[in-house]
């Protein structure tokens, strides 16, 4: 699935959340997903909230897996470890660079780096595991 | 800080997010925080979303730390590891039981168990680390 | 499997590592595994090393799962998140209290608390996921 | 600190463990640390044990931090999340590529990828946090 197909998938299966995101890139190396930061993603003080960063990492990995195995709507997150390292820049979108490290029959594992657009230093880092449902014949 | 003081703190410092939560219990053993599950917390299919569960665990631990050290508005989450184990029950609130395992000068560590109200088996488990800012003289 | 059966399993399948451990307790609530701390588990300064603590948590969870599903020698660790919170006491055994939080068809999840014998405050906390191989007919 | 200085540090401060390791590379991008796999690192069946992989990741990150801040013998691991993804190849050394993602005043965060020598696909992935002691005047 390329960037366009992933965005269409998001709109169909993630309903209103889909408009938060744009797929900037989808290729063999992984997916770059953009969080179009808006008022509803912020904590008092203007920082992007933890749940918004978690959600961005989670959806980015989900799409990175789908770009490899096709539109299987059923993979579920079983585990996430996330490090929050820097305050996101105010008034900037967040970019998530996700890559798949293992794509097994039952489990997929990958990691995600989060950046404020235009800043080279990551604001957060996450690793995620997804359970892949058995293929249905 | 007791349950009432923690709720007042939430309303003052967490703005509109505060109305998602209620403090069911706050004592020496920890804090039980309720997510009043509403439409905006759900994924298609009716399950509580990952970001909503992450946010519940994060706020529950935050309050468990505050209940021990008082209203220090500046502790930040540095790390979270979360396991998603079962699908939350549809139409039920989620309860987070948070306990502080270490309260050091610079770091606080704790864990949180998430339950659908009325179900004994946890839907998720999280451990979190908070950085505590140096005391300001 | 009770404490004796678990120890016999350890001796058979874990070879020379088995002598590091003793099963203090195995019941419906979980397993308590003892690391008989010796010179080879220490870092300079006399602290139990990180790998020794990791290994203790890993084996404790492994046995807690086996005590529920029987001697399946094939479950493998897929993920571990561990927080090191306090220095272990010098010259004390370490005790790991492991409990299974989810026992699914493909994955088992649990957590472990590590204590220096005689101290109420945990030195470390770990959560682990094991992959369970498909049943062989 | 370059590769030679890091190895000298290991020999001085890590005693007998030091001979398990060799520093293959140390530069601005990070450190590559080699585990010279021997009988004592193996589980029955010939796989490198989980504790040996954990130890390799932990020491690699430690050295990557030291290569940036100099020989501060006191940084301690506070957190590690590790994913075990593939069985290490039998009879091959393990290589750990560690990079520092954040070097703050109090905390350092980084990640490590583990490979069997000669294989492009990672056997494990870890993220680690170290606490850095306050500078002593």
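Couple of notes before you dig in:
All chains are identified by letter, namely A, B, C and D, in their written order; residue positions are counted from 1 within each chain.
Operating definition for what follows: contacts are C-beta pairs under 8 Å (C-beta built on N, C-alpha and C of every residue); 3 or more make two chains touch, one makes a residue touch a chain.
Composition by chain, UniProt nomenclature: A, B, C, D = Thioesterase.
Only a predicted model underlies this, so the values are computations on that prediction, with no experimental measurement involved.
Common partners of chain C and chain D, by the touch rule above, are A, B. Looking at B-C and A-B side by side, the one with more C-beta contacts is A-B. Taking each chain's centre as the average of its CA atoms, chain B and chain C sit 28 Å apart.
Averaged C-alpha coordinates give centres for chain A and chain C that are 33 Å from one another. Per-chain Cα centroids separate chain A from chain B by 23 Å. Annotation for chain A: residues touching 2 or more other chains are 78-79, 81, 83, 85, 109, 129.
Interface of chain B with chain C (complex): residues 81, 83, 85-86, 101-102, 109, 111, 121-122, 125, 127, 129.
Of all residues in chain B, only 78-79, 81, 106-107, 109, 129, 131 touch chain D in the complex they form. Chain contact summary for the complex, chain C toward chain D: residues 13-15, 17, 43-44, 49-52, 54-55, 58, 76-85.
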